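Naming follows writing order (A, B, C, D and E), and every chain is counted from residue 1.
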Amino acid sequence: MILAKVEGSVVATKKHGKITGNKLLLVRPFTADSPEAGALRAGGSTLVAVDQIGAGEGEMVLVAQGSSARLGMSDKDSPVDAVVVGIVDTVDIGKKLVYRASA
Amino acid sequence: MILAKVEGSVVATKKHGKITGNKLLLVRPFTADSPEAGALRAGGSTLVAVDQIGAGEGEMVLVAQGSSARLGMSDKDSPVDAVVVGIVDTVDIGKKLVYRASA
Amino acid sequence: MILAKVEGSVVATKKHGKITGNKLLLVRPFTADSPEAGALRAGGSTLVAVDQIGAGEGEMVLVAQGSSARLGMSDKDSPVDAVVVGIVDTVDIGKKLVYRASA
Amino acid sequence: MILAKVEGSVVATKKHGKITGNKLLLVRPFTADSPEAGALRAGGSTLVAVDQIGAGEGEMVLVAQGSSARLGMSDKDSPVDAVVVGIVDTVDIGKKLVYRASA
Amino acid sequence: MILAKVEGSVVATKKHGKITGNKLLLVRPFTADSPEAGALRAGGSTLVAVDQIGAGEGEMVLVAQGSSARLGMSDKDSPVDAVVVGIVDTVDIGKKLVYRASA
């Protein structure tokens, strides 16, 4: 999975029937440059993931991609390749906290 | 999924039987450089996606890739790895509108 | 799918039983830099795709990758992740022809 | 599979039911620049993999990705695309030892 | 599939049960920069592939990735995403031989 931050949303009225009723989030992958990095770094591009867990803007989430994403959907035959499967509370590197969700 | 703009089309008379009858679109991925970006940015490369939803040139679409793409096809056993599953109306980052389909 | 040009061939006498009898093509991905590009651009790397359609050297083809590639094979359980599923006649960007197969 | 070092961990209280009870590791891909390289090189980004084997921080592991990752889970329908499937003892290039787990 | 050279091996005593008994090879992808290139070029990174065909160090092989890799295994439910499916004898670009296995 990847860490990604929810930055926005996508609206598509005309879409495949099995996607209807799902919120489409614009998410940005985050990663750690090195073990010494004091924080996660924002990636320079975005993707669109289906929300099935109630993630909101500004939250760091776990995104599963590929065929595994479909298993995160209520309908497992959805033509969907990226799904939010968790909302991140904390990320630690070694004993150092590099991310904590704001309360 | 990725955001991508329909830029053109591909004609292939000789092709796998299960692809016959489907429109092949040349699409270009779009992404947001940063949350502060005022607009989506065009990627520097293109791919070919099957249209199953009636997307036209110049439209921003949602493309599903990999095995999930096949589930967007009427025949789910098609040897197809990229399918248009939605036509995008708007993309928001935070409270800012970064894309709106022209009426 | 990706656009790719057939540039060569690979011979592997010792191989998995289910690949035996299939032609292995060395193909190079092609893409369009921008909508204004007057032609497709050759990528800087190559991959190996199974031919199931009779593609020849110099031809531009459509390559399906991943699990979808297997569905382009006569035996769908082949350990194959890239297959030629079409031979390209033309590619248009907007009203501009950027590729046409030589007659 | 890829070689990756376990650098940290991710906590996500709110997550898809099938992921619950699994440890989420932050791992960094490692690779060899050239056959002459005397050691593996750390990559500049990280991903999140599920641990099913008891890997600890600082260990070099094998990570399987994509749909194959699910087969490394006790529940094969988990929406998971990266799983630790082995703990690496040694890596050799030619006759040269480039990695050995500390005892 | 990709062309890759076997450069080394990985030992992992503690691993997923279904991988046990398989040789793990460190392989480096090779590619052709251009049709005019006189030889294949070594990539700057490595991955780990399961050997099911008896490949040895220094040999150029065909590696299948993703779910297709599993179909190259005797046990198709193995959590494995890269498998050697062939040993390359020759690679030709146009009429030019760019690789030949040493006898």
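Going forward, contacts are C-beta pairs under 8 Å (C-beta built on N, C-alpha and C of every residue); 3 or more make two chains touch, one makes a residue touch a chain.
Since this is a predicted model, take the numbers as computed values, not measurements.
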item	value
Shared chain contacts [subunit C and subunit D, defined touch]	E
Rounded Å distance between subunit A and subunit C, as computed from the means of their C-alpha atoms	32
Chain centre separation in whole Å, for subunit E relative to subunit C (CA means)	20
Sites on subunit A at which at least two other chains make contact	66-67, 69-70
Traversal of the chain ring from subunit A via subunit D	A, D, E, C, B
Of subunit C, residues touching subunit B in the complex	1-3, 31-35, 52-54, 62, 64-72, 83, 85-94, 98
Subunit B contact footprint on subunit A (complex, rising order)	7-16, 18-19, 24, 26, 28, 42, 44-49, 57, 66-67, 69-70, 77-82
